[in-house]
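Heads up, the next two complexes both have subunit A, just with different partners, subunit B and then subunit C.
Right after this comes the complex of A and B.
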């Protein structure tokens, strides 16, 4: 009997699922060596089927998405129980990712923006309710929790696989590893390891030429003229977070002239990706007078969204600390 | 709360045995902080964090206090020591040494500053005590993550750099060179000698300045171990104590130093005569090629391209100096360019001196507007036998001797509009000038003073002497010097000194022929920039800051950089000489030791984690970071690193670690400060 495999999405966009399917023929290796026990995005499955499985009966679960609702939390806990190996798969599960930016505001103001904002057509001013009465009976929605949490803020996690989404070649390598482990040809890495990623930062894989940094301007890409195709983007005034972002993506974005936005998350030896990038920028700014410094910093219109685009819910900031402290469903 | 701490300890797997010592510092700390409460908080409340004993003592830094720590280490097997006392700046070394004596690695001793950070800055006793507990808690958490470190030993380069060739710098340089060690003396002007070389006589003994200075200058010029770099400036200082690399910019003299004999024929033949603003204080002349004064050391002329015809009118013009130069090869080199040389030295003495206060800044005294208002330096030059007037004191016309002279003290000093401080030398210099005027001209002299400050040996005796010589003293700050007669009683052609005589309580207008402004002294106009070059700071007034105002007025906060003379603050010649000699003694001590033990707090880069982004490359104030292009990683030279932590903070990858300040230590200290290390029930009320 083949070992069981599961994949689940919590608060996420679905990109992680597509990234897994994007590994081409390698997906057949997965099928050949595993029974897919539970993968709602790929095949029909009911929660009751999952509940019926014995604890520990699933060998590996790839869990993507952050914990936004009570349902997300329930599934995280259920899958933790059912799985021998739980992998926080992708940026949302690891660091909160884009959903985690909601921690900058309260749950109430977030719902207000979503259901009452100027871009929403909602003449009856409806708001989602935990329970709604319809002619057929009562419908329930899982409650939205006060803050977005990462998987490891809710349950114990065995491995972390970063990326938004994880790169297909990294997923393929991890699938290869799992298959080899199942076939007894390889050992699992130590528990708690980051898998499917590098041990340095994006710059390590970036082919662009680097010089001593003297930042005199920071601009958004549309504000800059044609870019030098070989020179470090940061040196050209583009806010590239590659220096503070874990390697593993093969520097896909900066390689083609788009700045790194940080999706592979905090670097191996760092605690807080945003803080690290901010101190790096502050250190590299080549200005002494407050006005000149402000002028350069004005080139970063959205600091929280720039430095913590992916890692807020797992950061040292209040948005991260709040998520860390939130242990009970309200 | 009884069982919880033990659980805590087991959970953490911590087996540290921490001793906590709370110092009273007499009443410095105990007067504000309830030290007993802090002691009990650590001893009882933080038992679970590894604290095995907590004591308080009146003076922890005393021998008894230190012995207490040593005894406890031996008897209680302490593995960490936390001393809650003053700033680490003051006594970290004391307590670390005590731990070392007891066999505990000194870097496992942690200081919690509850004096400077708490007792001295708070008045609310309860709040201060609470804060002290938080700081102690932070120090304990930090200490739990400390690791033993070993001091780094580096050799001391026996060569020394002295910056500034005034009397203080000369003294320091000669004493070190006389001990047989190489000294590089860098002087901005063409000759050594400094301000003292401009004076005629020196107070209070009235020795001829030249007579006592020129032997030192000559000795410096011919000393086998003393290497002069005049007409030069220090541009860059790299490295650290024991191992500095100094870049000196040598300005072109347009004269070949090793060929020129200093015969002076070029000066004699040069047809261009210009006002000498530097040495002659603007009342004498020099040529376009000149020596600042006859006894200049080195005895070499310097050509001023801003006034030389060759440079002003195009090549081919004049060239008289070159034509008449008798040396072979010719000593004049119009194509000379500035040069940079690197010197390796172990210690640096900064003796960069002062600038004279610019008396034009006080318009009501009329300097620059009223011809017969002079500065003290102008009068010094006039008194000097080799000066522009050959020693005659005259009015601006160069002929008429004044019949009455007013000397105004404290010009630019002790004045909230200019400088608050006392320039220390003006009283005595004014008395000296009064004496010289009386002696040379017999003129009637009025000295206008606020207070007379004639402390130090033989100074007040000199004041008595000048009083006996008939000099008048008017106590009061001069309001104005005016050439306009007020009413028919006042004659034309006089200067009127308007002053409130505070001893008789009335306004006076005293007519004189000549007014002398005894200008104060100020930090060099570029002192701040020079300070940055050498990594030392300036006080609010602009003087270089010594390490300790009383106990160490010679050292600076930058190891291996010492101060001498007026660069540190206003002082007279004896004090400058003393400080120069003291700086030399310090340097010689360092050279004698041969080796230095440096703090092992150093940054290092994990090459595996470094991505070579090069953000750290430009940051190091000690130039310890280099980039290996082949390997694509940056690296730190641990001998150059001073452990400032700038790169550690800047590294976006977290690839740089600072020993003694690891992430674990800093985060644990923060947790301790915030008291999140305590169970909620234990938290402070």
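Right after this comes the complex of A and C.
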């Protein structure tokens, strides 16, 4: 009997699932060596089928998505019980990713923006309800929790695989490793390891020329003229979060002229991606007077959203006060 | 009781100026608020916003960053780095709903013991007026119900 494999999506966009399918023919190795026990995006499966499985009967679960609703939390706990190896797969599960940016706001204002905001067509002003009566009976929605959490803030996690989404060549390498482990040809890395990523920063993989930085301006890409194709983007005044971001993506974005936005998460050995980026940017700014410094910093209109785009829910403060307030005990 | 609130403040000093200023305040027996826990670093340029955020996340109500006066840095220009980091951190904190005044930057030379003590007193009162920060503790994951190590029976 083949060992069982599962993949689940919690609060996520589905990009992680597509990234897994992007490993091309390698997916056949996965199928040849594993029984897919539960993978809602790829095959029909019901929660009751999962509940019926014995604890520990799934060898490996790739869990993507952050914990936004009570349903996400329930599935995280269920899959933890059912799985020998639980992998936090992708940025959402590891660091909260884009869903985690909701931690800058209260749950109410987040729902208000989503259902009543200027980009929403909702003439009846409908809002999601925990229970709705329909002719067929009562329909329920899982409660939205006040703070987005990462998988390892809810259950113990065995391995972390970062990226939004993880790069396909990295997924292929991890699938290869899993197959080798199952065939007894390789050992698993130590529990808690980051897998499918590098051990340095994006800058170390970036082919652009780097010099001592003297930033005199920070601009958005459309405000800058044609960019130098070989020089560091940060040195050209473009906010690039490569210095604070873990390597593993082969610097795909800066390589083609788009700044790194930080999707591989906090760099190794650093605690907080945003703090790391603040350090890097502040060090590189070429100004000494408060007014001049502020003038350059005005080029970063949204510091929290820029520095914590992918890692707010796993940062030291994990979000803003508006989101945390609801969790406070009086 | 708001009146009972004693702010917990972490203070970072540099080895060459502000720590000496605190030392002078002590040896001249100046009285100042005991709320600040001073941590000596070699230079204010060593202060990473990580230190400040960790202090706030772990129970501090305020953070005091101190260094040599501009132009006096033992390592030439590192206190300007501290200045730039502080200004950027304050912008980020404001977005997170943390009053930027909870993180204060001040300069003190090795001779300014009295000024340093007065700055601490003023900062403690300012944080006292803001009230406790009480940042929620980091969530603790549930223990694993099943031993995570690879059990033999899971393998063919």
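As a convention for this text, the second predicted complex is superposed on the first by the 318 of 330 C-alpha atoms of A that agree within 3 Å, B and C clash if a C-alpha of one lies under 4 Å from a C-alpha of the other, contacts with A are read in each partner's own complex, and residues count from 1 in each chain.
Note that contacts are C-beta pairs under 8 Å (C-beta built on N, C-alpha and C of every residue); 3 or more make two chains touch, one makes a residue touch a chain.
In this text the structure is predicted, and so the values were computed from the model without any measurement.
When both complexes are superposed on subunit A, subunit B and subunit C clash. Using the contact criterion defined above for the overlaid structures, shared-chain residue A:85 touches subunit C, although it does not reach subunit B.
Of the two partner chains, subunit B is the only one that A:247 touches; subunit C does not reach it. With both structures placed on the common chain, the touch criterion links A:276 to subunit B and to subunit C. More residues of subunit A are touched by C (comparison of subunit B with subunit C). Of the two partner chains, subunit C is the only one touched by A:182; subunit B is not. Contact with neither subunit B nor subunit C is seen for A:258 once the two complexes are overlaid on the shared chain. Of the two partner chains placed by superposition, A:27 touches none, neither subunit B nor subunit C.
Contacts of A:59 after superposition on the shared chain: subunit C is touched, whereas subunit B is not.
Of the two partner chains, neither subunit B nor subunit C is touched by A:45. In the superposition on chain A, A:221 makes contact with neither subunit B nor subunit C. Superposing the two complexes on chain A places one region of subunit B into the space of subunit C, and among 95-103, 113-121 or 581-589 that region is 113-121.
In the three-chain superposition model, subunit A touches both subunit B and subunit C at residues 270-271, 276, 279, 282-283. Partner subunit C is touched in their complex by these residues of subunit A: 1-3, 55-57, 59, 77, 80-86, 104, 149, 152-158, 181-182, 184, 188, 191, 270-272, 274-276, 278-279, 281-283, 285, 287-288, 290, 293-294, 297, 300, 302-305, 307, 315-322, 324, 327-328. In the complex of the two chains, the subunit B residues touching subunit A come out as 606, 608-619, 627, 632, 646, 649-655, 657, 663, 667. In the complex of the two chains, the subunit C residues touching subunit A come out as 48-50, 52-54, 56-57, 70, 77, 80-81, 83-85, 87-89, 91-92, 95-98, 134-136, 138-139, 141-151, 154-156.
The part of subunit A that touches subunit B in the complex is made up of residues 199-204, 210-214, 232, 234, 242-244, 247, 267-271, 276-277, 279-280, 282-284.
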